[in-house]
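Two complexes, one shared chain (subunit A), two partners (subunit B, subunit C).
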Partner chain A sequence: MKVKIDGKEVEVEPGTTLLSAAEKVGIEIPRLCVIPGLYEGSSCRVCLVKTPAGRLFPACNYRVYRDEEFVSNSLDLWEMRRVNFELILKFHRIECWQCYRKGQCSLATLSKELMVEGIPVCSECPLSPSECLLQKGILCLGMITQSGCRAECLFSGGECWGCRGPISRRDLIERAFEHYIELGYDVKAVISKAEIFWNSLSELKIVKEAADRVVDRE
Partner chain B sequence: MSSMRLVIEEVPAVAGKVNVHVDRDRGKVRIEFGVVQEPRFFERFLKGRPAVQVPYVMSRICGVCSVVHLTCSIEAVEKALGLVPKPEIHMLRSIAKGLEIVQNNFIHVLMALPDFTGHGNVITFSKAYPGLFNRMMETNKMILEAYNRIGGRFVHTPSLGVAVHGKPVSRYELQTASRLLRQVARELEDLTLNLEDMWKPLAEGFTDPAPEYCCLNPVENWYPFFSEELRFSDGNVVKAENYGEVLNERNVSYSNSHYVLYRNSPFHVGSRARLQAYVNMLSQSVLELEKTLRLDFLNPFDNVKSQYIEVAYLADILSHSLDELAASIRGRIEPFYTERSFNNSGEGVALAAAPRGVLIHHYKITNGRLEYANIITPTVMNARHMEVAGEALVKWAYDNGIECDERVKHLVSALVRAYDPCLPCSVH
Partner chain C sequence: MSCWSLLDRCCEKCSCTLNNPCSNFIDCRITGPLCHDDEQCRELRTRRFEELRYGETGSKIRVPIASCTLATGSEAVYNAIREAVGKMRLKVTVTITGCHGLDFIDPWVEFTAKDMPTAIYGNVKPGDVPKLIEDYFIKRDVSKAFVLRDRKGTAAGEDKVPLLEELDFWRKQYKWVSRNCGFVNPESLEEYIANGGYKGLSRALKEGPERVIDEILRSGLRGRGGAGFPTGIKWRIARQQSATPKYVVANADEGDPGAFMNRLLAESDPFRIVEGLTIAGYTVGASQGYIFVRAEKPLMARRFQIAVEEARRHGLLGKNILNSGFDFDIEVILSAGAFVCGEETAMLAAIEGKRAWPRQRPPYPAERGLWNKPTVINNVETLAHAATIMAEGANKFTEVGTEKTKGTKMFCVTGSVQRVGAYEVPVGTSIRCLVEELAGGAMGNCKIKAVQIGGPSGGCIPANLLDLPIDYETLQSAGAIMGSGGIVVISDENCMVDVAKFFLTFTSAESCGKCVPCRVGLRVMWNILNKITNGEGSEEDIDTLRQLAETVRTSSLCALGGTAPNPVLSTLRYFMDEYKAHIKDRVCPAYVCSALIKYRINEESCIACRQCALNCPVNAIFRVEESGKYRIDEKACISCGVCFTVCPVKAISKVSASG
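Now for the complex of A and B:
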């Protein structure tokens, strides 16, 4: 039977998932929870596609049994995927500086694809947590800086100076400051370094407030 | 001599905004070289900042020659704080800076070449000689690749810092960079054969009206990338910390940048000044290159030829240095970090060879924070010399029957481009 995705027609066996059908014609649909053959529970709803009439289906477990047409690339679909992903990210305790899944994290990859902010530069850092520059006495701003630069400075052997701006999640900034204090860094020194690139940003106020809350708690 | 008033607004093919006013009245010529770009106050806004952050911000003075500002600033901070990096780290810094001079000079030659071939700008030049242009761009790529092996990213290199060299450099990487530079040197020899005929002299017979030059004093007969002394062509050698005694900084009403004079007279810094001073160090092949290109040391336009020859010379000596360094290490040079208790006080002046001349960074640090900064860039040193040379050029043009305004404008603009294609550092 024939399936048409974004105007591209493909012939598939009955019972094939939309995700496999799309892959056959070279269309990449974003996904998070699906592991083919192991888990196709469509929990994340990041792989949403729609019919021309506007009905939504998760591409990972919708199986095709008749000739049908789908749209996988439209503005409203990307917006819905983005909202679904943001909700998932909200429940994730982001502590990339302690995570060993550097460069292979689906959350980090998808956040870039869906343009969802909130993942720090540590997710792209080439150094493992045991080699972290912070432990060598180098004040790196990776923990509180928005990712997306492929950690260019860290790959070149330097530290993060925060040129991409701060991350927006207050809980994450607070956890990062707790970690700075734990490692013996002065919060004022961190803020002073952050001011180099963030002095004109309104978000700097959020960072300063988060730092104050952590200092008060300590 | 009739009177004439010309204004060249925003000289083309130059980074930054500069206006040149030419006044010629009854045999007298006056040129005003006015940088109209907004000042950025680096020396002021860094006051009170932790000294260790200073080099990283100072490198932002110029995106084109960021490495020299970064390394010179690092040296000055280290001197002030009394830190001494390991010799191989210092060597790597010197090589990184040498590679920057190679890359910058090479691109400057490419940007200025259309003035000599009569093509006006690089776009027209690239259409007229696509093969040659592509080969030059490929050569530039090789130089950048060699830099990448040593320092990592070229613009605002993150691996260089105060008492830090963050990038591990293996012997294989050193050897690869050396191989690339040897390839660049060979490519330059080939390119010279093509350039020999098309590189016509501009204003032949015009000579430098103020032949006073300055460069770094060589250390142990080795091409100096960093030095403790300035050397002037009148034989005067000045220690870094005494630079203020001979160099006078002045403000002028028509320019946002300073002027720096040597004992109240203009002087030139740059490749032309360096090559004249270090001519004894040049190898036979480089001297032959100089003869082939018919370099005239006294013609300010031949600063571009000097840069080309300097590229060939530096590619050669840097590849040897890289080979020597590769032979002296085991495995790789590990990232180097010092214990960062930078709360000392002190004063440091660093001199560095920048692509366009001599760069001075002078800091006073109190309890680990910057208290005073003074930066003198090559562009401000050359500014007055450029005016004096421009005035002589306009007189020379009139004496040689060149009276067309457009032709005079072209000559003056070409002179600015031959001196310096990048001016924002003058309003740091």
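Now for the complex of A and C:
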């Protein structure tokens, strides 16, 4: 069988999945739900590829039995993968600071690959949950700061100052504030630390509102 | 009077038995005897045909026993008729039949006698029965009938009652698969054969599988279950597979709200489907068939069960069917009852005893289906078409229809129309013809605003496009689908955003949850629609909605997710002004969305009857001392609308909450 993916041809055994065919020619197709040989139910839909005629198939599940051609790299495919991935994150309780995967998970990895925002700096923080600076009375903004800096400040021994701006999901910000309060921090102190970098950002309002709502509820 | 049935041997010379079946059995019963010539045997048949038509006594009453007529009380009517006939010592045969699909006259009954015109009475109540029987059988007066099926000039009042085929809702139909519905006893194999049944199988067995495929291909038959895949091609692919055993499955899992043509067909003429499935089995080389029936339609399942047992008892299922060497049997399986069970791969999983989850195709079931073996899945209407095509010939079938889709399709028209019912029309008939001429147009004083075609995952076609012909391609380009043939008429009393939300409520609840776009995407879309109907929508919501709808439509695993966004996409396309009104002006133009309307009492028309105040659940209505009339406290009102419905003089009106 000859499969052509993004113009690269590869010879494979009949029954090979597109995912492994693509790997053979060095094409990385994003994936999430597949565990080859164990789960190939094609649920997450982030590995979609298309035929030249535009029909979509999940690469993890599609098996090749004849010579065929596929496209794995196009703007609309990336857009679709991104929307589907965002849908997965939408109902995920992202609390990396106390998650024992601590960012070593496919969600955090894929979110970078697909450029989806919403996962906080804690996912990149080198400290284990028990070593979290917040436990030691150091006010760290990691929980509400957008990741992507590879937690430079944490790696160099300091705390997060929020230089990359707040994460976009309001519900996560609210949860973070609940956690701050739980650990005995003053909401006002958190806000004034955030204001250092976020003063000129319109999102600051959203953060403040979230904080107000949490305080109201408490 | 005789007790001989068409299925019995006519005399000693007939050699047909279960162990030694005759290949000409079917033709012999209709035009025979074929292997011997005997005046008496021929007469036996002629007499029996007459008996089947007019009853052994020369007079017959048919009462429809199908889910739709049972719901309106046909069982009580049936019992009342049996009682009256018995008490009046009349020699009248009373039998059951299926349903015509004319739901607006349910429950109906049909009276017939050799020397009288056949009369159909509509909306019969058990109390009317004695009078009707007396009028017809004793006074020979048919003036109270709803329609007549023929005129004989022998009864009083005949000229006052129209003939069935003169009426629009009948004349404009083309009864092809539903020809027997409401006319034969659905539990009687004999009546089915007497009306041309099993001619198709008989012919197929004589001509061989290749000729069957040719005939079906020539007829251009396309699947009636939704996608419109050419049936002949599906059968040929399955036939060409080398793996064995093969299977055939009839999909009777009709689960769309508002669609009941499959149920009607199966309850009224189940043998046609059993015959079609047998032909399919023979053609692809299967020896086992399954009928997958929705468990919530128990009568349909029972009729299938009876049909299968009867066919088996008379050698039309089992070993060496009609001496052709072909062995075939059918098992009726009750579905798990979710909408998604009708999706073919989910259905296969259910039959295998697994959870009814769809799986990604390819491989297609025709290559690898049940237990990984080649499997043909067809809608029950498709199978009934196939049986009829084999009996009547492809040429007859192709007389109607369009270039790309031949033949007829059954549609169910429901919603705000005068004559809710199931109608069979040629493919390519205009939506207007179906909705206005057959179903009688909008109910009451309403106007038709749109029609939702294709069930919960179809699309809303606006009233100005009603002249579009109904076929797969036209509907697709207009943003709807043929689906199984459900048509819901939406009047100007409905809000289109609310309608889209309604259908999404169904599909998002019925999502099996296996794939992300469908499980999460539909839920998020529903949330946005909910926000808009609550008057909290924003401009960006429209873009988000559109993007989500596109992603869900194109990237879902099965067609449930693949079609579920259609109501949203089509209303965005045709009714953007209503979305805009909700978002920009915070107004629901149809006064449906309760968050956007207020109720107000017009003191001029109020007659101070106090009904509204008594019924208001939150005591929001008080009496105004000066005038003695009533008024609503807008702060306390929860917009439930109870006062609006109870006011006897319609003094209460809906107004926009923002205005």
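Note that the second predicted complex is superposed on the first by the 217 of 218 C-alpha atoms of A that agree within 3 Å, B and C clash if a C-alpha of one lies under 4 Å from a C-alpha of the other, contacts with A are read in each partner's own complex, and residues count from 1 in each chain.
The rule is simple: a residue touches a chain if its C-beta (ideal position, glycine included) is under 8 Å from a C-beta of that chain, and two chains touch if they have at least 3 such contacts.
On a predicted model such as this, the values are computed, not experimentally measured, just so you know.
A.B. asks: Report clash or fit for the pair subunit B and subunit C bound to subunit A in the combined superposed model.
C.D. replies: They fit: once the shared chain is superposed, the two partners occupy separate space.
A.B. asks: Regarding the shared-chain residue A:138, is it in contact with subunit B (first), subunit C (second), both, or neither?
C.D. replies: First partner only, subunit B.
A.B. asks: Which of the two, subunit B or subunit C, is in touch with more residues of subunit A?
C.D. replies: Here the partner covering more residues of subunit A is C.
A.B. asks: Taking the superposition on A as described, I'd like to know which of subunit B and subunit C A:44 touches: first, second, both or neither.
C.D. replies: second
A.B. asks: State whether A:152 touches subunit B only (first), subunit C only (second), both chains, or neither.
C.D. replies: first
A.B. asks: Looking at the overlay, does A:56 come into contact with subunit B only (first), subunit C only (second), both, or neither?
C.D. replies: In the superposition, A:56 touches subunit C alone.
A.B. asks: Should A:91 be classified as contacting the first partner (subunit B), the second (subunit C), both, or neither?
C.D. replies: The second partner, subunit C, only.
A.B. asks: Angle subunit B-subunit A-subunit C between C-alpha centres, in steps of 10 degrees?
C.D. replies: One gets 160 degrees for this angle.
A.B. asks: For A:192, is the partner it touches subunit B (first), subunit C (second), both, or none of the two (neither)?
C.D. replies: It touches subunit B, and subunit C stays clear.
A.B. asks: Counting only touches as set out at the top, which of subunit B and subunit C does A:100 meet: first, second, both, neither?
C.D. replies: Once the two structures are laid over each other on A, A:100 reaches no partner at all.
A.B. asks: Which value in Å is the smallest Cα separation between subunit B and subunit C when the structures are fitted on chain A?
C.D. replies: Result, nearest C-alpha distance in the overlay: 37 Å.
A.B. asks: Sort out for me which residues of subunit A touch subunit B in the complex.
C.D. replies: 136-138, 152-159, 161, 189, 192-193, 196
A.B. asks: Residues of subunit C touching subunit A in their complex?
C.D. replies: 357, 359-360, 362, 514-517, 520-521, 524, 547-548, 551, 554-557
A.B. asks: Please name which positions on subunit A make contact with subunit C in the complex.
C.D. replies: 41-45, 48, 56-58, 61-63, 79-80, 83-84, 87-88, 90-91
A.B. asks: Which part of subunit B faces subunit A closely enough to touch in the complex?
C.D. replies: 49-50, 53, 56-57, 151-153, 157-161, 164-168, 335, 337, 339-340
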